[in-house]
Structure formats: structure tokens, C-alpha cells
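Two complexes come next, and they have one chain in common, chain A, joined by chain B in the first and chain C in the second.
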Partner chain A sequence: MSSGETLPAAQAGTVESMDCLVTIAASSGGRRIEISGSGAARFRSAMENKIIQVLDSLGGPGDLSVTVQDNGALDIVLGARVEAAYLRFREAMLR
Partner chain B sequence: MRRTMLYLPGNNPNMLLRGHLFGSDGLIFDLEDAVSRSEKDSSRILVREVLRHSGFDGREVTVRINGLDTEYWRDDLAAVVPCRIHGIRVPKVDTPQTIRDLDDALSALESRASVPIGATKVFCLLETALGVWNAYDIATASPRVTAIIPGGEDLAADLRTSRSKEGTELEWIRRMMIVAARAAGVDALDTVFPSVTDEEGLRREALFTKQLGFDGKSVIHPAQIPIIHEIYDPTEAEVEKARKIVAAAREAAARGLGAVSVDGRMVDLPVVRRAEFTLERAGAMTEGGAR
Partner chain C sequence: MALNAVKRDIPSRIEGYGNTGEKLFEGAFARKPEGFRASAMMRSRGPNDPTKFLGSVKEAIAASGLKSGMTISFHHHLRNGDFIVNQVLDECAKAGIRDLTLFPTALFGVHKAIIPHIKSGVVRRIMGSVNGPIGQLVSEGGMEVPVVLRSHGGRPRAVIAGDVHIDVAFIAAPTADVGGNMSGRAGKSACGSLGYAFTDAEYANCVIALTDNLQHYPIAPISIPGTFVDFVVQVGVIGDPDGIVSGTTRVTRDPLRLLIARHASKLIEASPYFKDGLSFQTGAGGIPLAVTAFMKEAMKRRRVRGGFGLGGITGYFVDLLKEGLLKKLMDVQSFDHEAVESISSDPRHIEISADWYANPWNCGAAVNELDVVILGATEVDMNFNANVNTEADGALLHGIGGHQDTAAGAKLTIIAQPLLRGRIPCVVDSVHTVTTPGEAIDALVTEFGVTINPRRRDLIDACGEAKGKNAVPLVPLDELAERAKRMSGPMSPLRQGDRIVGIVEWRDGTVIDVVRQIFPENISS
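The block that comes next holds the complex of A and B.
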């Protein structure tokens, strides 16, 4: 992609209690995962594993940027939000 | 036992995960009206994941899918049927053909997901005049149908009226719903009471629908649950009377008698059945509160 082009990005989730807002965008140089919010300090490693597991199960490419704004989302909610954001991202890429 | 079935918005993890703690007999994960068009996809995934990984204390779990006149319903079914839910709540059922189409789609999904064919029950929302008129035919269109439910706002709009505090516009419809449900051998469940702060109005409506013969009511707020349970649960006096009737009927049967008198009133088979139903409800109450 040329430097002047807008990179596709997609979001899913909310910042409400027990939820998280996941943003997925194209990136260069491998997967980048950024986590902020209530679970970031204690559960970062488990959350990263969950994100990678979901993306791998969907055949997600290596070059992706994943940003999570967490407000106490359980593992299953994080997984659901990553899946929804990735499927939206993939659709945006096809347009 | 379906005294109360609580609607939970399909895009709200907090409610989906904690809704069962409020003590309703059943849960309705809502993919229809509670979810905006832009969130249909993410809610479907979220509901699927919550269904896969949670137990809900053994409550009856259903999902309200989007109507068969939308582009969403097949994806909704594909997401939730493999999770082995108790049933599907289907909006705007107008004709028996809708149920036959749904039956076919459910059977195909159940077969693919190794769910026993027919395990997913169907709760029909009759939200148009045509749907209400066809209530009996809809209720008998498939053995999957386990309940019929009159609509609220949508039905009022289709009748070219609006919902009133007194429920005048739904009165005849509720009576008809009971007749159709009993004739078909399915449950009659009432629509929601929309005003969550009007406790007196809710009591009045629940007393009326219980007297008509309804099995329970859908609820949109946890605060409505104890009120409806209190009204739909048998009173101590009713339980005591039912015990006497059942005991007398058993004694009469043992002595080869057809009918018996309890407190000066002849007791025949329908009265005994009613008493057994009362005891069944009372038994469920004492076993675990909500169930």
C-alpha cells in the first residue's frame, strides 16, 4: 500500500462494563498487540494468547495491528470481539 | 416452568453473563429488536460464545432470532443451534408456513451439529392480526412449537391502535391466545409489560393474565421478576386445597369410586388435574425458588 493511502481498520465491542473495544488494522512488520484498560496489567499475557488463538483460527494474516481497550471483559467476550472485528476488517479489505 | 422469561440484549456482555442471577425461569438472548442493524454480526458472535461457555444455572435458554423476512435469520440459527439451546423465539410469525420453513432449517442444522432432531423448540411471537388469526394452525404446524406469545407494540400498530395502561386492545387477543394454546397443547406466554416503573400496572396485568390461564410472562427488567412470581405462584391456601383434592382423589381411586367430595364440593377429573398442576408448581417453588 502506498504511504498516502488510508489503511483499512475495523472495530467491534464497546467500552461498557465487562466489554472491550477491539480495533484491527493492517500493519507492516508482523502482528502488533496493544492492550490498555482494566485487565491490561494482570492479564496481558492471557489476553494476548486469546487474541492470537482467535486470529489463527480465522486464518488471520501476520501483518495486523490489534488494539484492545478493556473494561473487564472475560476471555469469551474478548474472543468474540476479536472475531467480530477481524471479520469486519476482512470485509473492508475486500471492498 | 415458564412464569418469567427475561429478555437480555444480545450485544451486552454484562447482561448476557449475569442475567441468570436475577432468578427468572427462562432467559431470552435477543438478537432482534435489542440489537441495531450495525451490530447484528458482532452480537451473533457474542451470543454464540456466551452460550457455548456458560451454564445459566439450568434455566431454560432461548434466543430471539431476527424474523424470517430478514437477511439475518439463517445466520442467527447457524450460530446458536449447535450450542444446544432449549429453543428459538421467532418474531412476526404470520402463517404455519413460516414454522414449516423454520422447522426444515432447524432440522438441517441439528443434523449437521449432531443435535437430536427436534430438540430445538420454537416459541412463536404472533405480532400481527394475521398471526393471531392463525394462532392454532401455527401452534400445530410443527411438534417443535412449545408456546405462542401475543405481540405487544408491533401487534398494537398492526391493529391500528396503541398500547394502553388497561390493555384494552389486547384483551380479546389474550383470550384467543389461551384457547388456541390449550387446543394445540402448547404454553401460552404473555407479552412484556413495557413500563418498568409501574409496579401496580404490572400486578394488575399479571393477575388478569394468570386468571385467563397464561403460563407466564416475558419480562424486560429484573425488577419485574419477583412480582410476577408472587402472582403466578400458588398461595398456601391453594396448595393446601390442592393437597386435599389429590389425596381424596387417590383414596377414591383406591376404593374404585369415580368422584369424591372435598369440603362439600364434588371433585372430578378436571379439578384433580388442576390440583396436580398447582402442586407441581408448588413443588418447583420449594425445590429451588426460581424453578
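The block that comes next holds the complex of A and C.
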């Protein structure tokens, strides 16, 4: 799951209907967001905005890679999954 | 370009389809037939002629005179278990035949095996539903000629009216005799009704029966008589029984869908059609099956005896027949083992052709006698127009089925659907593709309640009279649309091109909408 040799990564969510699987890892090239799955075609920008909003509100750094495998999550679900994944990621970084 | 009656811009000429000037959709019942029925080449087989029986698909293709550029047809009663379409196209490719028009009554996931034949030019055009990988290929511009989509009734109409001429019909037959008499009732690949194949047998220039259960002459009962059939081929297996019929279909246990079904059955009970003789069609989807279960309960409670059940038949309908809650079943497609068993043994379970089922241009399609139909849709808009063909990303992934026909025929047409599928709203300002016009749709039922087309003042009044436990929760359409928007958030515009990859015909042969090429985005951004 980790994008580099030693960098940690964390996940939250599922690929059940109306949920999404969010993976957060350290990135060296600024904030990178990848979205795939059912919401991608029509809700990409709304999803990106939500992800950025949640990360900013948690004081997330710029160098993060966020991967979302979506199966129709509403914003409120996406936000919760991003928050959980980021908090797990931060914990893993501290270890 | 010109606007049709559902305000869709239709180019006056579509490459690979033709001029549309005379063929713009004008309204559900606007276009009437003129002239005479089409015909097939006359053929005969006398007592001294060689037998119809041939040893292989390859020999049958040679004997049929099939050449490049011709039109071949198939029926879809073997559904996702069908081996025949793939096998015939493999043999056509080996014989060097190209540029075929494929005219199936429907294609399934199993037919993705023909994609190499599309890419290599063996198949040049598809007239019929596309889904899964073939639908994706077509949507992304993988075919030069646009796909033409017709409903279950629109297809036989097109054949009988001469819009489409079938050169060779390949008919998979679970049982056949050496004289070419066919039936779907028995055999290891039994599928029940052969309804979709009837018109093809009658109007094709050459008819080939393919069977894995060859019997002595004559079989009984006979669905399609050998008088139409030129050749009979015995093959190892025509299909995979697991893909042909499902096991016992079960009612959904999803509470959201059960709630929707409950609302829908309350609407039916409140309607003027809930009385002795009630006829209905519900198909095999999760919500419609649950509606059937609730209706059964309501019919028993209020001692209502129904008339007939129509369309694709499931074990649920068979139970209603056995319990005397329905008097007859009219079956164009038998979905499960119970339906196959019933059509084989109960004379009240009638096999009907697609023409009889749904063709608007004959003197008595069964859909015209329907009281109630429960349908689905990917989207419904503020004019009650319904889309069943394209997905939220614009991909053409579903056929029309009997949607248009039953919606036009039934007195009460209900679309029952959750307000959101994942994040995607089912109620939108304007549907991406119009499959069925709002004038044919009476009510939309979601988990939030029942939304009635304002055109049906009588239904709104009838629902208003239902009180207490039978009360029908009514929700205005604009409130639903607002709610959907609030929950799903703003949608990004679709990335699509100008090129037309699909044409959606209304059941009378007019163009109700077109589907344009999509450009799927790169995953990362």
C-alpha cells in the first residue's frame, strides 16, 4: 500500500455500495488526489473539494497522496472516510 | 437539426442510419402504419428433396447462402447462457464472411466474445441492445455504424414493416425435430417461451434451427412450426443451463427497496384498477418482485381476483396462477425453473410472440390490455421522461426491453426506483437519454413516497381518498429533485463528443433520442 519504501500509508472505508475506500500515503510531489469508481465521472470536482476541505481542516500537510476507490459515497461518507484515513496515517507517521 | 416532440435535437441525417426527416418522434401514438406487411422469400421442400438435417453450423451457414453484408438474427431466450451467437459468428469469421448486421433480440455479457469480430469487421453493425463490454466499446466510439435500439415491440414492428430484412435467422431450440418444429419447453437447455423468435422465423429468407435435443418427427407441443424452417443442425450444447434460467427468484430483503415496493403497492391499491380482472406486469427486478408479493397480500385481503400476468414470467407469477389470484399468464420470456415448468404443463400459461406482446402496429398487442406495469429507470426528469439506456457517465449500457411498450399500453405505468443509486440521482432536470416519454409514465415511486404525473389528476384524487393504513404518501416532483440535488451535490458536466454512436427508436420506428460518443477521463487528476 505504501507509495515509497519506508513511507507509511493508511486506509479507511470499504467498497460496499454507497461507501468508498480511501488510502492516504506520503507523497513527495505535493498533494495528489486520485479518484476512480462510480462517482468519478460526474462528481470528481465535488469529491476533490470535499477531500481538500477535510484535510485542510485537520491541518494536513501538502505532501499527501489520496486515493479514493468510490462506490457511490455521499459527501458526508467521503468526508468521514478521509478523516479516519488521515488520522490513522498521522498515527502511523508518529510511530 | 430539428427538435422532436420530447425536445431532442435530432440531426436530419445520421451517418450509417439515414435521413430522419420523416422519422422524428411526434408522440406516443402519433405514427400509424401505411401500406402492406413485408415478406420473406418463398421456399419449398418437397418429398424428394434432400433432408433439412445438417451436421454442423459451418454446413448450415454454407447452405443458407449467407454472404458478406447480410443481416443475421438471434433470439435471447438463452440469456447469459447462450452459446449460439458466439459460435455462429466464429464460423462466419472462419468462412471469410464480413460486414454483417447483427440483429439479436438482445445481447448479454456472455457475448463479449464477439468483440474481436466487431474489431475485425465481421460484424459491422448491431441493431439491438448492447451492454457490458460491448456497450462500453460502442459508447467509446468502437463501431463505425451507430447501434439501433428498439423495444421488444418495436423490433417485430420493424421486421413486419420492412425497416429491417433478415437474411438468415439462427434459432436456438431446446427441443426440435428433423422437420424443424421447435419448442423451448423441454431438453437440457429448456428455456420455456420462444416468444422473441416467432417473427424472425416468419420473415427471414432462411431459418436455421440449432438444437441439442433432436427428437423424432413431430414433437408436441410445437412453438415454431417447421414450415418456416430451412435447416436443422444438431450441436453439442446450445447453452449453459445455469445462465439460461435462474433458480428461484427471491424478493429483495433490502429495507429501502421493500419500502419503495410498499409505497408502490399502496398506489396500486388506491388506484381504480385494483378490482377483479386486474392485469399486471412486474418483470424480475428486486423492487417489482417485492411489489408482486405485496400485491398478493392485498389481493387476498380485499378478495380481488386478477386477470392475467404479462411479460417475463417468474415463479411468483406462477404462484399467483396456482392460487387462483391470476387466471392466465401470457409469457414472452420464462425467467426461472418454475416458469419453464408451468408453461410446459399448464394450458393457462400461454406462450406469446414479441409481436403479440408489444408491437404497436398489429391489431391487438397484449400490452394494450395491461392495467398496471412496474418499471425501473436510470433517470426520470421534470417532464417524467425516463432513461433506461444510458448511465450517469453517458455510456450506453442497457436495452429498452419492453419499457416503451408496456408504458404506452398500461393504464397505470409506475417507475419504482431509489432516489439515489450510490451518489447518482435518479431524478434530474433533464434525462441524458429519453427512452420513454413522460406522456406514457403515470407515477414515480421512491423511498420518499409516490410522485404522480400532474397529467393524471384522477390518480392524485384517488390517492387523496385513501386514508389511514392505506394512505399514499404523495411527494411533488420538484421536492424530490431538490432533495436529490442536496444529497448528491453538484454534478460535473459529461464529456461527450458530437459523433452519434446509438439511436433510440420509439416503438413506432421514429427517433426519440440519440446517444453520443463519450470520452472516459483519465483516472488521476
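The rule is short, and it goes like this: the second predicted complex is superposed on the first by the 90 of 95 C-alpha atoms of A that agree within 3 Å, B and C clash if a C-alpha of one lies under 4 Å from a C-alpha of the other, contacts with A are read in each partner's own complex, and residues count from 1 in each chain.
One rule holds for everything that comes next: a residue touches a chain if its C-beta (ideal position, glycine included) is under 8 Å from a C-beta of that chain, and two chains touch if they have at least 3 such contacts.
Model, not experiment: these values are computed from the prediction.
After superposition onto chain A, the modelled positions of chain B and chain C are compatible, with room for both.
Look at A:M18: by the touch rule set out above, it reaches both chain B and chain C.
By the document's definition of touching, neither partner reaches A:S57: not chain B, not chain C.
Using the contact criterion defined above for the overlaid structures, shared-chain residue A:A73 touches chain B and also reaches chain C. The partner of chain A that touches more of its residues, comparing chain B with chain C, is C.
When the two structures are aligned on the shared chain, A:I33 is found in touch with chain C, with no touch to chain B. Of the two partner chains placed by superposition, only chain B is touched by A:A84; chain C is not. Contact with chain C, but none with chain B, is seen for A:R44 once the two complexes are overlaid on the shared chain. Taken over all C-alpha pairs, chain B and chain C come no nearer than 5 Å in the superposed arrangement. In the three-chain superposition model, chain A touches both chain B and chain C at residues 17-18, 73-74.
Of all residues in chain A, those touching chain C in their complex are 17-18, 32-36, 38-46, 48, 70-75. Contact residues of chain B toward chain A in the complex are 11-14, 17, 41-42, 45-46, 48-50, 52-54. In the complex of the two chains, the chain C residues touching chain A come out as 392-394, 420-424, 487-492, 494, 520-521, 523-525. Interface residues of chain A facing chain B in the complex, by the touch rule stated above, are 12-14, 16-19, 73-74, 76-77, 79-81, 83-84, 87-88.
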